[in-house]
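Pasting the structures in now, so scroll down.
Next come two complexes built around chain A: one with chain B, the other with chain C.
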Partner chain A sequence: MIEVRNVNQSYSKRSSKKTLTDVSMVVKENAITALVGANGAGKSTLLSVMTNILPALSGVVLLDGKDVRKMKANDLSKRVAFLRQSQQLNVRITVNDLVEYGRFPHCGGRLKDEDHQKVEEALSYMNLTDLRHRYLEELSGGQCQRAFIAMILAQDTPYIFLDEPLNNLDIKYSVEMMKILTQLVEELNKTIIVVLHDINFAAAYADHIVAMKDGEIYYEGPPQDAITPEVLNPVFDHDFHISNSAGRPVFLYYDEDDPNCEVCVS
Partner chain B sequence: MVIVALFVIFALLSLFIGAYEDMTLQALLDGNERARLIFIHSRVPRTMAVILSAAGLSVAGLVMQAISRNKFMSPSTAGTTDAAALGLLISFVFLGEQSGAVQTIFSFAFALIGTFIFTLVISRLKIRETVYIPLLGMMYGGMISALSSVIAFHFEAVQFANMINLGSFARLGGFWGVYLVIVPLIIAVFFATKFSIIGLGEEFAKNLGVNYNRVVMTGLVVVSLISASTFVTIGPLPFIGLIIPNMATSFYGDNLKKSIYDLMLFGAVFVLICDIISRLVIFPFEMNVSLTISLVGGAIFMVYLIKGVFGDDERKAKA
Partner chain C sequence: MTNVKQKRKGMVSQPESPDCPKLTTFEEIKKAERRNLVFVSSIIITLLILGIFLYIFSRTYAKAWRLGVPMRPDAFNSILQRSIPALVAMGGSAFLIAVVSLSFQTIVDSKILTPSMIGFDSIFMGTQTLLVFLFGTTTQFFLNPHVNFIVSAGVMVVVSFFMYSAILRRSKNNMIFLLMFGLVLSGVVSSGTRYLQTIMSFYEFTQVQALINVSLNNVNETLIYMVVPLMLILSFFMLFRHRIYNVLTLGSQQARGLGVDYQKELNFNLILIAIGMSLSTALIGSLTFLGLLAVNFARMVLKTHRHLPLFMISGLVAVITLILGEAIVELIQGAVPVTVVINLVGCSWVFYYIIKDNKI
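== the complex of A and B ==
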């Protein structure tokens, strides 16, 4: 279980501007939690604090009752995996190399039979076995993102934190990615916390929504309660237009008063 | 496999080329005493020096590129070599003629401090265009070597300063110092996976439980030890740390654990060829090896620099 208690964070110790103010939450197990909010709301910072990439200035993050700041880096990396939005790579490594790096916390770079088996499993789970000897730079954005997820699977952690995994992915790959995450929860009992920009994706795939505004948690709850204009209009400081599709709310981002926007006028 | 074959061929060639033409395999087998002495005391140490310094600098370059996440970094474009020269000069000016061990310690300390400062400054600067970083590094190196010149003039050690700044495998006085390169190379083999992982970024490394700062420091020590021990015994071998990793990774990739031995062999073959050319062009005399390396390496570096500049443009055009 991951529990965040009264966490505060700012850019530096002296800075008065806070990026997180008194944030407390309990991560929902075996579910996808989506962090949503405007730019600078503190979503990524919260993710970094929860994974101890950026240790909290005050307050604690407890992993199964233990303060993550006091855990050994190696032990933490066997429990919690963290992936930043797809990064620009300037190294030539193959899919296989990358997935093997995922075993580092378990074997320190010297892979044993068990580690090779985990690598095989991760590759086949993500349908990458045929691409394993290709260099990452030769892959499409979607394949590359899948390779990183395969690495996280090889890392074999119960908790997976993803910061904007849909960045740079087109619609087809975004849907594929969200389906994979759902599968990870259902088949492998993972707990996933993900920062999403697209509210419709959050509404469709997340089990739990955490809406953040100005470094605080504004609202937390299941999608049907959280994905509403009452919650999201103040969170994004924007008037959403909602349409209904097969009983599901779909958010339209366009300005209702915009005369050029035909969707809104109808 | 090809690289191993090339390595064996050029290593043998290197052993049997030289001014003393009676030194042949036949003479060795016949038990010719003079041939044996030349082989043991001149040819073998020289070939070993070429192989070890080339392998060392190639690995140093790749480690540096992983630490800085910049393909244009190397001991000669980050002030490391110039700082090693400054250290060597200072040991000469203040302590006089010293043993190789003392000189290496001075060189190592200066190389480590010089590289550390540059790495620190670069990590704070947030420069987007990666091609500017080696240019800054060369300016930084230029400043260090200007300081060396001032010191050399002031203490009337210009002759010494000029001598150490010419790389040569024909130096008198033994190549034992270059065997020191074996130590950082072994460290590099043990740290290979960690170096590759930090090459993917600080957060990536932290996610895998790698102690980022400790690995960076280890890398800087490896780079400085290699640079200092090759500098003291052979002198500057420009471009090796820059072009060899770039050429080798396009064949073998950046996963150092897999590619480190190929990288070493690749570097060794390159310098063996340059050294053999240096010995043949004005046979029986020989040209300075750093001159040959500069000519060949400079041309290759230009190609990479131009490709880098245009590569960036292409990426921008896509975005």
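== the complex of A and C ==
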């Protein structure tokens, strides 16, 4: 279980402006939690605090009752995997090597049969088997993103944190990615927290929504309650229009001044 | 294994079809990498043996021939007796410098900074002089080379650990700052050392000179049998930890996500690097660009990020550069010491890098 208690965080010690203000939440187990909010709301910062990449200034994050700051880095990395919002590598390596590094917490770089098997599974999950010997720099943005996700999958942790994993993915792979996440929760009992920009993806696939605004949790609840204009308009500071498709609300984003947009509202 | 084939593989994705050419498998890539390593190592070992023979030859027969005297067996033996410690010292130091430079580059994520470039060896020399200056008049203690070495190395480890861990924590990504810092530090230390040397007594001065004016032609022989085993232990210890360095090449953040405590690694490696730099500087003096040359050369020929082959090849390249270079200099009785040549080539390399990528 992951529990966040009264976490405060700010990047500069002098300024009074906080990036996170008194954030508390309990991560829903065996479910997909979608973290939504405008740019700069503090979503990435919250994930960094929860994974102890950026220890909190005050407050605690408890993983199974233990303070993550006091856990050994290796123990933590066997429990929690974190895909950062942007990946830069200064090194020329192949997809296969990258995914193999996902096993480092378990085998310290000495891969055994079990580790090779997990690597295979992760590669085939992300449909990368054919690209495994390509260097990352020779791949498209989306393929690269999939390689990093495969590394996270190979890490095989009960908790998976993904910061905007749909970045760079086209529609096909975005949908496939969300299906894979659903599968991971249903078949392997994983707990997933994912930052999503597309509200409709959150509405369709998440079990729980956490909406952040200005470093605070603005609203938390199941999608049917959270994905409403009452919650989301203030969170994104935008007037959403909603249409219905097969009984599900679909959010339409458009420029109110654009005359053509009448068409989409119907 | 060409790109075209790989692209085909990506699109067609039917590797089993019989008329399709057999595609490169993972094992084949690994095999090719290994073959490359074997090829490179055999060349390197050949060169190494050549270097050792040439070194001994140039100090014995070549010299005798130049002087127009015959080489007597007893004279040969006595020169050999003196050449072996020099070879051991050069080999151990060069290997260690390369290993330490590579681990440093991995830790700070730079391909051109090395410990000597940011002033590690200056700190060592400064510490030694300061110790003799402060305590030399009252006690013979620090004039004993072994004691002086241990104390200087200890002080250096502490000083450089605190200095660099503070600096690296704040400006790890600021290479220009680190370079400037190293430059200024070396300047301050060398002029400070010179100042202390002018105001100390003549006896102390000669002692300090003996301690810090070590060079390839003037290896500190009293220290060899203490320092070389330590060098080997340290080199192999770092080689043994090659898997952790591999993960660190992914960057500090990824490494942390994979369970490597980056801050702990940084601190631990700074201590190892400080020890390594003390060992090699005490034995053969400062060789600013040897590590840089060896590591970049190994990266260029191996084209891998894996540290085990990189450590081994860069270590051997450093050893060869030094021994073969020294042998050639002795052979042709060149006026230029090999360190000058190494620094010249190393400097040019940095220059090339900066101009090519327009960054440090």
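Everything below uses one rule, namely that the second predicted complex is superposed on the first by the 249 of 266 C-alpha atoms of A that agree within 3 Å, B and C clash if a C-alpha of one lies under 4 Å from a C-alpha of the other, contacts with A are read in each partner's own complex, and residues count from 1 in each chain.
Just so we're on the same page, contacts are C-beta pairs under 8 Å (C-beta built on N, C-alpha and C of every residue); 3 or more make two chains touch, one makes a residue touch a chain.
Because the structure is a prediction, the values reported are computed rather than measured.
Undergrad: Look at where chain B and chain C land on chain A after superposing the complexes, then choose clash or fit.
TA: Because the two structures are overlaid on the shared chain, the partners are seen to clash.
Undergrad: Scan A:K28 for contacts with chain B and chain C and give back first, second, both or neither.
TA: After superposition on chain A, A:K28 lies in contact with neither partner.
Undergrad: In the overlay, answer first, second, both or neither for which of chain B and chain C A:K213 touches.
TA: So A:K213 meets neither chain B nor chain C here.
Undergrad: For A:D130, decide between first (touching chain B), second (touching chain C), both and neither.
TA: The second partner, chain C, only.
Undergrad: Output check: A:K118 vs chain B and chain C. Expected answer is one of first, second, both, neither. What do you get?
TA: Neither partner.
Undergrad: Mind working out whether A:R84 is in touch with chain B, chain C, both or neither, as first, second, both or neither?
TA: A:R84: touches chain B and chain C.
Undergrad: On the A-aligned overlay, A:R146 touches which partner chain: chain B = first, chain C = second, or both, or neither?
TA: neither
Undergrad: Between 21-29, 147-155, 237-245 or 309-317, work out which stretch of chain B sticks into chain C after superposition.
TA: Superposition on chain A puts chain C right on top of 237-245.
Undergrad: Hey, what residues of chain A end up touching chain B and chain C alike?
TA: Common interface on chain A, chain B vs chain C: 51, 53, 72-78, 81-82, 84, 87, 89-93, 97, 101-102, 104-105, 108-109, 155.
Undergrad: In their shared complex, at which residues does chain A touch chain B?
TA: Where chain A meets chain B, its residues are 51, 53, 72-78, 81-84, 87, 89-94, 97, 101-102, 104-105, 108-109, 135, 155.
Undergrad: Using the touch rule from the top, collect the residues of chain C that touch chain A in their complex.
TA: Residues 3, 6, 9-10, 13, 24, 26, 29, 109, 243-244, 246-247, 249-251, 253-254, 256-261, 264, 303, 305 of chain C touch chain A in their complex.
Undergrad: Can you check the complex and tell me which residues of chain B touch chain A?
TA: 66, 69-71, 130, 192-194, 196-197, 199-201, 203-204, 206-211, 249-250, 253-255, 257-258
Undergrad: For chain A, which residues are in contact with chain C within the complex?
TA: Contact set of chain A toward chain C: 51, 53, 72-78, 81-82, 84, 87-93, 96-98, 101-102, 104-105, 108-110, 130-134, 138, 155.
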